[in-house]
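Each in structure tokens, the structures are laid out below.
Okay, so chain A shows up in both of these, paired with chain B first and chain C after.
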Partner chain A sequence: MTTHSAPAPVGGPLLNKVTFIAGVLVALMAAILLYRFIFGLGAVTDLNDGYPWGIWIVVDVMIGSALACGGFSVAMLVYIFNRGEYHPLVRPALLASLLGYTLAGAGVIFDLGRWWNVWNMYWPGSVNLNSVMFEVAICITAYIVVMWIEFSPVVLEKFGLKDLKRKLNKYLFFLVALGTLLPMMHQSSLGTLWVVLGQQVHPLWQTPVVPLLFLLTAIIMGYAVVLFESCLASAAYRRGIEMKLLTPLAKVMLGVVAAYVAVRLGDVIVRGVIGRSFQLSLEGLMFWIEMACFVAPFLIIGTENQRRNPARLFVAGILLILGGSFLRLNGFLIGYDTGAGFRYFPALPELLVTLGMFATEVLIYILVTRRFPVLPREGAAH
Partner chain B sequence: MQATFFHETHRATEAAADAVERRLRISRRDFLQFCSGVAATLGLPAGAEAAIAKAVEAAKRPSVIWLHFQECTGCSESLLRAEHPTLEKLILDVISLDYHETLMVAAGHQAEKARKDAMAANKGKYVLVVEGAIPTKDKGIYCKIGGQTAVDLVKECAADAAAVIAIGSCASWGGMPSTDPNPTGASSVGEVLGKPVVTIPGCPPNPYNFLATVVHFLTFGKLPAVDKLGRPLFAYGRLVHEHCERRAHFDAGRFAMEFGDEGHRKGYCLYKLGCKGPETYANCPTIGFGDAGEGNWPVGCGHPCIGCTEKGVGFAKPIHAVAKMLNVVPPLQYARIVEEQGRGATFASAAALAAVAGAAAGAAAMLTRNLGMSHKAEELEKAQDKADKSKAEV
Partner chain C sequence: MSSRRDFLKGALAATGAIVGAGATPVQARDTYHRPPEAMGLLYDATLCIGCKACMAACKEANNNPAEFSTVDKLWDTPLDTSGHTYNIIKMYRNGTMDTKDAEINGYAFMKTSCMHCADPSCVSACPVSAMTKDPVNGIVAYDPDKCIGCRYCVVACPFGIPKYQYDDPLGRIGKCELCRHRHKDGRYSACAEVCPTGATLFGRTEDLLAEAKRRLALKPGSVTKFPRGRLRHATEKMLQGKEDGKGRKNRQGWRDEPDQIYEGTIGKYVQHVYGEKEYGGTQVLKLSGVSFEKVGMPNLPPYSSAATSETIQHTLYGGLLMPIAVLGALSWVARRNVKPDDGEEG
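Let's look at the complex of A and B:
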């Protein structure tokens, strides 16, 4: 800890153009959700028996939680692989993860048809130990709690509770370990859902190795989000970028991407379904767009010199985020077929809720970083 | 014990059949079929057909006075036009039809005399059957027979009757003549007499329901148990919807949506075409009409039930108006009848998604450009620094 300069609040006004727009979107979401909780899912969504999961699950939960893997990916690098130099990235990444996961957990509630029964999920007499969904639900809930505790030193620092913070620090290593294990468990379990969905999922995505694919892409998206957020935060707050950290981080990330591409293509070839990707179909096209998002970063940030350019890191980060998002969208919605006649396209209120979720995250991120010690102190990294 | 009982029963039935066979000149098989059919219609336990056969065989035929008022004679027609060759013979054998305006040979004062004679001879023992509604408006002048109004006739004949049976919807609850605006004040027998009578509603009612009621009276000396509207429970105890052969289609959500469509041709539920089965009590689905076998009843032929046995439903509700579910109100948790398959993209949602994607792409492009420019500037600065340093060193 002492080798790094302490993080500090950014300061500045809480109300500005961005927080105002985000606030409006959040209010819009709240109004739609109130309507949804009173009049049901059918009143605001395009969900049907063929597509019982829409963007609230696929985008807000599946993609949202994968995007929130920055905290876990960086923590893994710092604490498991003992690369202490990345430590300044931990807190901002952890904050983004915390927000992402908490909102993903809320997103699940929005999508529950009979949301008032949700307590059964935690009631020992009601749980179904054989359900993949139960594993995911418990694991995500536990992870949210763990992350809040992991993040609590920030709050304790802010309010000067040094004693409590010192005591907590003694046990924090256990929580950090747990916070690395839990997302590995449920991110792969989210992929296992495709195995459960069976033949309804297009063969380009329905594979027994899908838990590994989900885990690898969650780690990749975690790093990509750190790149993305660092660039965004520095631009928004007009601060210098921690290029000394991001350049080597990008290299680590590329290593994981290479492993992913090898597993992904290998799986498609070994199962003998690669031919399906060359058929003239939306699924075939989407498969190659998804693959392109994972391969293109090698051309953009393949060399050390390229990785020093924040613009290139930013674009590569976006591409990898899109790649991981397409993987989930393709399997859950685009390449998902439950029979003739069923179709799904997110209704306007659904889109507004998803937009509101991201706005909530942006809003809270800005409010917290401006008032709590999360981002590295300006100039300290240089 | 059991075996002896059956043996006795069987022997009694046989003996009765022999007598009737000679008297009616119908086969024993037909007679026994009739007795079993009536017992089954009445919902009586095994062995009752013997009692029925015995009662019929004894031929203590009750005198029946049959009055016609505001009606179409469809009820009488349905009794007589049954396909079964022995039915009319049996009816005329089971009862002594002493007065029936459309069937009797006598006419004019002769006919009225026959009625008065029968009433006097069987005082307190005859059965009065009323077919048709009774007009009550303007002192009942809209229907007169032999100078007497229908109201007077019904009251006169009912005074000394052992039992009063209202046959058909008109006599039971007013029927078609009583539909709004009801210009003649058409009323039911029960309303005119001011007391409940046994009613056999239907337009026309099933002849077996009438016959079974009479045979019950003959066999057990009393009329069968009835509901609060006077309808025998054996025939009107269940909703058509509860024992309809198309009920499974209702439960599975398979409906004919219009006449002649695929669902209609496949025999799906007619609920959406206005079938009143869910609010109509009758045994039509189980006994059918016209002795023509299974499925020969309105719904079986592809037409929705019009609810002719129910006051306020038949001739009152539009034929294709959707019925009220009397006892099965499906809870909200049940799967919807219409399976929604999704609207697909709407203009608003597609436009909103495109706008968000466009805004994000634009913002990302701008940010990338700025990052690239600041990077270039930094690199230049570094190069400049280096050059300055090397210059200074030189």
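Let's look at the complex of A and C:
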């Protein structure tokens, strides 16, 4: 029955050009963050009274965590919809998610203006059950813990702790269920965050169905990242691409994209604001760019034949990642009007920290896949 | 084939759980309204002379440093509210600026400070209850010892009021709290206390609203009496205190001042009490001669976005019913689908 191959460490040197550059970026980020914690947020960011949230929140946390939905999207497919054939994708996706989420969590701390008070988020006397952000924070924290436990068999395997691993496996199904529920909750709520902003958010984005839009795009971005990463990892490690898995996966993904496009267009039409997208404005333009990113993949990987072409999968994956990112960027920054006179463009140190965050992820991903059993063993089974 | 059937089963179970949980009674939450004893301010732009005494008094009462926008840095010249400026008088100018409170070829003033909303977005947003609304007097207060500095309140407020102190590694959120720290001494909002014309008036919002409506009903140009400082409730007994606000405390706990009512002429108002209904109402009310949108007050619906946001949240997560139902369904499905070898191999 089991046709998929067991994962194994990739091996090879830990120091190469990529890890070196990533290391430098990480060091740079550490230096900037040190400066930020000593001199305050204003010293390194372009944040201002009109734009209190910048790319550390919108890119590192909102987009970063959606990109880290590969683990959730694939696990859902394998364990909830019982598509065991995708099993080899679970571990690498889980690792990427684990890293992405842990970093998004860290990114929040960097951005908090009064981080030493963060324990209040978990203190019953302080929590505000009405706050969307409270729900997001709790679910993300819980999900990070769940993912670490889900991933722990990899570590236990490495160190040969068979007994503990077997015990853990008994409860794996519950972890999987929790690991599916939690991201559904907080990914949708990340969108609900902007409901309370009211009419400060452009009507093309301010909608009560925003939780659904965020949930669907998080799932889409999860699959898109798996496509993207599989192509990239195969190229980097000179391994064969698992086309047998990626081709049908792309079809599943397109199904979700179709549902999303229907909901998104239906919503702006029903609320009667579609006309706003035809007005000559940055918002109107951004709406259609965002939309195009979701529609174009149907032209690129719409047929079975096209889906067998890794280059096409790669491009479609990038487009969908962009589309989901635009949705978040548009609602929180571009379509957010806080009153005249405020401008925001990320400052250089701000950009370097965001870059450093992605570098950290790449660095750890490479180090772990080279030493721990994560990627499918090359050449076995197929 | 069996895999396809299981796929469908899983899909059905999951949707069934979601639909089932969604059918549980939903408590849509209405927009809140002001508590009966709500305190607030009435700002009447037609009475304001732009002296900015209120800004200086606010800085002093809240221990805030001066902020400069000029090269010589001689005096406090903020351009907007900030983490260190809770109250600011802004000026509207048009054309030749000949007539006060005229939209065309005129000028006007407008006060910007926290509106103390009946259903505040900042309170709904704050994850750690650092922003709270007093159930009795309705003042929206800030607690820096709880605040984590996430700035969700800053993004959420429709008036752009709470501001973070970016220049400080230990920065706080700054916003007007109606001088609640002075109340225990019987002193009220510093801006109203110093305002020479009564353009900024402190009192119970209900009383202030009645006063605002009285003014709107009068004919422009007619002569009437304007209170100054604190608006006394109609039934409040008059004590004779000293002008420096150091008199005895009256029954309501305010230090008494001499009666400072004076006679003046009624301005040409826009027939609208700003804050009576906006977002369910605010405790700070405004009158103006120039349309409110022109002087920077947003055009808001009578329902709050906090109500919409909390309705969505509680529909999905109220009592954790839906999440638990979905978790149950997911566990059931996952239990069948997680194979024993999953742990062994991946």
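Note that in this section the second predicted complex is superposed on the first by the 378 of 382 C-alpha atoms of A that agree within 3 Å, B and C clash if a C-alpha of one lies under 4 Å from a C-alpha of the other, contacts with A are read in each partner's own complex, and residues count from 1 in each chain.
Quick note on the criterion: contacts are C-beta pairs under 8 Å (C-beta built on N, C-alpha and C of every residue); 3 or more make two chains touch, one makes a residue touch a chain.
On a predicted model such as this, the values are computed, not experimentally measured, just so you know.
S.K.: What does the overlay on chain A give for chain B and chain C, a clash or a fit?
M.R.: Chain B and chain C clash in the superposed model.
S.K.: Applying the touch criterion given at the start, work out whether A:343 contacts chain B, chain C, both or neither, answering first, second, both or neither.
M.R.: First partner only, chain B.
S.K.: Please determine whether it is chain B or chain C that touches the greater number of chain A residues.
M.R.: C
S.K.: Looking at A:17 after the superposition, I want to know if it touches chain B, chain C, both of them or none. Which is it: first, second, both, neither?
M.R.: In the superposed model, A:17 contacts neither chain B nor chain C.
S.K.: Should A:50 be classified as contacting the first partner (chain B), the second (chain C), both, or neither?
M.R.: Touch partners of A:50: chain B and chain C.
S.K.: According to the stated criteria, A:83 is in contact with first (chain B), second (chain C), both, or neither; which is it?
M.R.: A:83: touches chain C, not chain B.
S.K.: Contacts for A:42 in the overlay, against chain B (first) and chain C (second): which applies, first, second, both or neither?
M.R.: The answer is both, since A:42 touches chain B and chain C.
S.K.: Check whether A:115 is in contact with chain B, with chain C, with both or with neither, and answer first, second, both or neither.
M.R.: After superposition on chain A, A:115 lies in contact with chain C alone.
S.K.: Just one of 44-52, 224-232, 278-286 or 296-304 in chain C hits chain B in the overlay; which is it?
M.R.: 44-52
S.K.: State which residues of chain A lie in both footprints, the one left by chain B and the one left by chain C.
M.R.: The overlap between the chain B and chain C interfaces on chain A comprises residues 42, 47-50, 341.
S.K.: If we count contacts the way the header does, which residues on chain A are in touch with chain C in the complex?
M.R.: 2, 4, 6-7, 37-42, 45, 47-50, 52-53, 78-85, 87-88, 90-91, 108, 111-115, 117-118, 120-121, 123, 126-128, 130-135, 137, 153, 165-166, 168-169, 172-174, 176-178, 180-181, 184-185, 188-189, 192-193, 195-200, 208, 211, 336, 338-339, 341
S.K.: How about chain B: which of its residues touch chain A in the complex?
M.R.: Its residues touching chain A are 339-346, 348-350, 352-353, 356, 364, 367-372, 374-375.
S.K.: Applying the document's contact rule, which stretches of chain C touch chain A when the two form their complex?
M.R.: The contact residues of chain C facing chain A are 3, 6-7, 9-11, 14, 80-83, 121, 124-130, 144-152, 154-156, 158, 160, 163-172, 296, 298, 300-301, 304-306, 308-310, 312-314, 316-317, 323, 326-327, 330-331, 333-346.
S.K.: Show which residues of chain A lie in contact with chain B when the two form their complex.
M.R.: It comes out as residues 42, 46-51, 231-232, 235, 241, 308-311, 314-315, 318, 341-348, 350-352, 355.
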